[in-house]
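Take a look at these structures.
Next come two complexes built around chain A: one with chain B, the other with chain C.
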Partner chain A sequence: MYVQDLLNGLTSAGIYILIALGLTLILGIVGIVQMAHGEMYMVGAYVVYLFSMSMGLPYFAALVISIILVGCLGIVVERLFLRRFRGDVEGAIICTTAFILVLQTAVKGIAGPSYKDIASPVEGVVEVFGARLSWEEIVIILVSAVLVVALLVSIKWTKPGQAMMAISEDLVGATLQGINVDRLSSIAMFIGCGLAAAAGGLIGATFSLEPFMGGFALTQGITVIILGGLGSVPGAIIGGLILGLIDGLLTPQVSPTIASIVGLVIVILILLFRPKGLLGYE
Partner chain B sequence: MNSRLYKAIGWLTLLVILCLVPLFMKQNYVLHVLITIGVGVVLANSLRFVFLTGQLSLGHGAMVSLGAYFSSLTVMNLGLSFWLALPLAGVFAMIVSFFTGYLFTRLKGFYFAMVTMFLTMVVQLVAEQWRGLTGGVGGLTNIPPPNAIGALGFDSKADFYYLMLAIAVISLLIMYLLEFSRLGLTLTSVRDSEALAASVGVNTRFYKVLAFGLGGFFAGVVGSFYCHYYSAVSPSSFTFMLSIDVLVFMVVGGRHRFVGPILGAVVLTVIPELGRGMKEYEPFIYAAVLLLIIVFLPRGLISLPEQVRILLRRGTSPSERAASAITRGSHRA
Partner chain C sequence: MKRLTVIVLVLSMIVALGLFAAACGSEGETTTSQQGATTTEQGSATTTAPAGGAKVLKIGVTAPLTGPSSSAGIPHMRMTEICADWINENGGIDVNGEKYTIELIIEDEGETPDSGVTAATKLIEQDKVSFIVGTISPQIAAAVASVSEPAKVIRCLWHGEGTNVELNADLPYTFRVSICPHDFAMELLKYHVEAYPEAKNITLLFIDNSAGVILAEQVQEMITSLGLTNVETIMYPVDTQDFSPIISNVMRGKPDAVVCTALPHLMGGILKTARQKGYEGPIYNLSPTSPDTVQKIASPDLSTECIVPAPDLTSPKVPDLMKEMVQKALDKHGEVSWDYIRPFNSLWVLAQAIEAAKTLDTTEVAKAWENMSFKVLEGEGTMGGLETYGINHQAVIPFAITKISGPTMELIKWVTPSIP
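Let's look at the complex of A and B:
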């Protein structure tokens, strides 16, 4: 019984981690609060729908295309607008709130306000330790695990990855070392938006799509990064696991609303004792 | 001194005109838009009052919500008069703000903004869950209008308009007097340099909590007005998007000046109304206005005349421009 809830929680955690990693990278490197991150997730899901359902491509090909396209959208947005709002919290919130409106209205106008469904790539249910787990959930867990590991590896072992960490630790210091902050901001925006698109495409196979699905993703993503510590990559992973497990283990016992209240209150309490989040630093 | 006198005369003229509006404008639609503007003005300015200490609060949605539920429940269940419930709703929101502010003010910057946003979401979720008290997702309906007082019977929009006007004028006056008093100076000193303010003996946490609480008071009053005006309140009336909207009013209008949020609330309430003909594409106009203003006028609409003057002065020598920039900077931070 608990195994079932645990695995459901891991599925949510996978999605939360993908969203939160993007948010935290953008916050740490581009230096802005991306309120339209949920909309990147929504657009990602719709692009997967477009390529897999309307054009008949295989699901995973559509997912890859979606990651790349939404990542490029992120680069364009960063290049044109976000760059000038580094460190300006209010300005960034306003600017990205405008993107929320634009993207929601555009998707609603193009795809219509009705619910859309993406056919799941693999059907069926497997039994794991007495729990019944659908292949869709396994795909979510596996793909998000692969993406997270790939991100961790590329941060640890590649030069741009190390440069990103340097920027998120000390912007001025990184600039003085000759790191091209603008170029890395673009890369971070590409990765962040791509991860959001991946999360959207994965969730699209289990739940229906609608133009306003991004609000939920944004609030969960922000909760996770606040919990883990802003700009911290391991923090986002741990925060996502905690929130996902709260979701998975608590929702069957009480109503989803109470589970959300408990989640938020836990985050507020943790912040009161650790004002920079679990793994945050000054 | 003279310019101050002119300013006062200007504001009084505006007030007189606003008082006369219902005599000439009989359409309920115009009055409704004006009332919505009034709500936005008070909320945006009370948010700016919190912002005087440099704290960006997204908890205004929570305070409006608490004020609305407090007022409607006391009037409906306890039979309290609206005229008592209105200030009490403000006091209730203020007490909650003091308490939460005391806990939250140790967080800084973005963390503070996000925790106050969580507060808004928690209040909304609790209102959805506590069906016995708040009516759950459906909310409360049939909230009675304010009791008649004098010539105001509250059977027409005009009466609500006058009530909103009174609330707005009184709130703005209080906030104006507070901001340009010693207290206001202390609050801005906490924003400008918290360490320096603390080193000269300012209890920075006390003043942060105070500003947060006073801002919450006005939000609670607006919430009380809101629920009696619409005669209904539900959890979805005050999501954290309300907090964001209020923030947008403040920043787009100009967060550095008292008039800024007023201007922002007026302009950004009127634009969507003008865009009604565009139907579902109306958000595009709103978004375009936001982007244009935040990119080209980062200090808000209020800085438009300054920016135009700078553009016109392009011809003058660089040193003159630098000199004028310095005087402008010292004029008002």
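Let's look at the complex of A and C:
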């Protein structure tokens, strides 16, 4: 039974990590708290629905298209709106909160208020050491792992990746080194929103879609990045794993409510005793 | 070049949204439904029609048209419009020989008690309505009473959670024409005892809110009274998206059956996950979720042994009038589910109460309503609730027990609960 709980936790962690990586990249590079990040997750799920269910494309093709389109939406939002709010915490929060309403209303108006569902890309269940894991969950774990590794590699081995880390650690220093912060902000928004879209598309195939599904993603994403460290990519991965495993391991033993409370208590303790998070910067 | 890039990106987004709209089917919203052009008397709920025509009776509708509850609120509002149209097509409301056509004035009640009160206040003070139908949230229903009751405005609630906050002896102008989860519970549990006599251990899986806690206590008593055992009660957050850890918790107790409260998408998630994780016992929902929606979200292959208190709208056991309304909803909006159909009764029974009272005086309408029998889409209904709520303002109407069995579903029977 513990293997089942562990695998359930890894599935949850995969989603949390994708959401939190996007949020932390945007926070670290663009310098704003992207309150509409959950809505990018929701839009990502709806775009997968559009291309796979309405237009008949294969699920994975729809997922890639969703990542690209929502990433582009992120660039547009950054270029037209968020760039003006760099360093203005309140302004950015108000602006991105407005986007929550805009995106929810737009999707509800276009797609309708009823629940949508995306057909599973691979059906069936696999037994692993007595635990039952659906292929949808395996897809979540695998796709999340691939995207996380791709992101880590690109950060470690590419110039834009290194430049993004430099901005995340010291904006002024990075600017003085001639790093083009505006260009990298756009790239960070593309990656961040694309990762949110990937999470939305993955969860959409497992459960259902509705225009207000983003609130959950934002809450979990913020919890993870506080836990792991604001702006820290490894922190988002560690934080997502911790939160996912708390969900997977504690919920079956106690209750969903207590598992949520434990997660929040850990966050409060981190804020009290290590405000920079587990792997955050000073 | 940079500007060009931005323009191209914006245009590509617009194209993508356009494609989205085309593929998903645009669903334009209306905010008023007007039947027959009339001249309006300032400050009056009724208007005078041109010579020879019927008078117009304004009826307010408060629905959550924005926010998460709009997933139910918009279909509810649309069906109320269809009901108004249907009543008008059939001659309108006959008030002591005088014909009135219905004009709906629809207000968005939002998601909070404040926004609900604002919507109701506008209807009462500005539009001068004497009758309101609508409201989904019990919290909003309770708050709106603070303005509707002093104004003696009759409200017919679409539905509720069955707490005394929504209906009680201090709310003489508030009525409800729908069945609440605890009224479904006893009948579904009785069905369970008949259909699965060996399955005695029940786990409750309820939404974690105040109404859920109260309901859990009530259902635990019912379980005991029927000789069953409550293995455990698990409360889950309403924003749950991944049910795997919760189903692991459920399966740890090895229950023979699971009784849930869940919105349609949550029920789909619970059913799908439970079957994927290997749970095979029957799963009940005490919320009247459309069986077709549950089946669609869970996928037909995994939708086994799921019993809900709502009809399969394609069943031959569905009454003809309900079938007619299903067709009207399909013709008008292109989709239909139980979430569309079920608010129909609220406006229709209100119209019957006005006809029974033979006056638009709301005190007289309330008196007539308390003691009348009436028609609903499901058949016939009476009023009850004196013992339960302290006032005879709860409609007692039949509901369907439907079993989803993979790709097929069966409307097992219509039952009328006892609501003393």
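The definition used in the following text is that the second predicted complex is superposed on the first by the 282 of 282 C-alpha atoms of A that agree within 3 Å, B and C clash if a C-alpha of one lies under 4 Å from a C-alpha of the other, contacts with A are read in each partner's own complex, and residues count from 1 in each chain.
Just so it is clear, contacts are C-beta pairs under 8 Å (C-beta built on N, C-alpha and C of every residue); 3 or more make two chains touch, one makes a residue touch a chain.
Predicted model, so just to flag it, every value in this text is computed and none were measured.
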Partner, of chain C and chain B, that touches more residues belonging to chain A: C
Partner chain in contact with A:G91 - chain B first, chain C second, else both or neither: first
First (chain B), second (chain C), both or neither touched by A:A111: second
Contacts of A:S260 with chain B and chain C, given as first, second, both or neither: both
Chain B versus chain C as contact partner of A:P234, first or second or both or neither: neither
Chain B versus chain C as contact partner of A:E123, first or second or both or neither: second
First, second, both or neither for A:G9, with chain B first and chain C second: second
Which of chain B and chain C A:G173 touches, first, second, both or neither: neither
Contacts of A:M55 with chain B and chain C, given as first, second, both or neither: second
Touching both chain C and chain B, counted on chain A across the two superposed complexes: 105, 108-109, 219, 255, 257, 260
Chain B partner contacts - residues on chain A that touch it in the complex: 33, 35, 81, 84-85, 88-91, 93-95, 97-99, 101-102, 104-105, 108-109, 219, 222-223, 226, 230, 255, 257-258, 260-261, 264-265, 267-268, 271-272, 275-277
Residues on chain C engaged by chain A in the complex (per definition of touch): 6, 9-10, 12-13, 16-17, 19-21, 23-27, 29, 66-68, 70-71, 73-75, 208, 234-237, 239-246, 248-249, 252, 264-265, 268-269, 272, 276-278, 293, 296-297, 299, 301, 335, 337, 339
Complex contact set, residues of chain A against chain C: 1, 4-5, 8-9, 11-12, 15, 46-47, 49-50, 54-55, 69, 72-73, 75-76, 79-80, 105-106, 108-115, 117, 119-120, 123, 125, 132, 134, 137, 203, 206-208, 210-213, 215-216, 219, 247-248, 250-253, 255-257, 259-260
Residue numbers on chain B that touch chain A, as the complex places them: 56, 103-104, 106-111, 113-115, 117-119, 121-122, 125-126, 128-129, 240, 244, 247-248, 250-252, 255, 280-281, 283-284, 286-288, 290-291, 294-295, 298
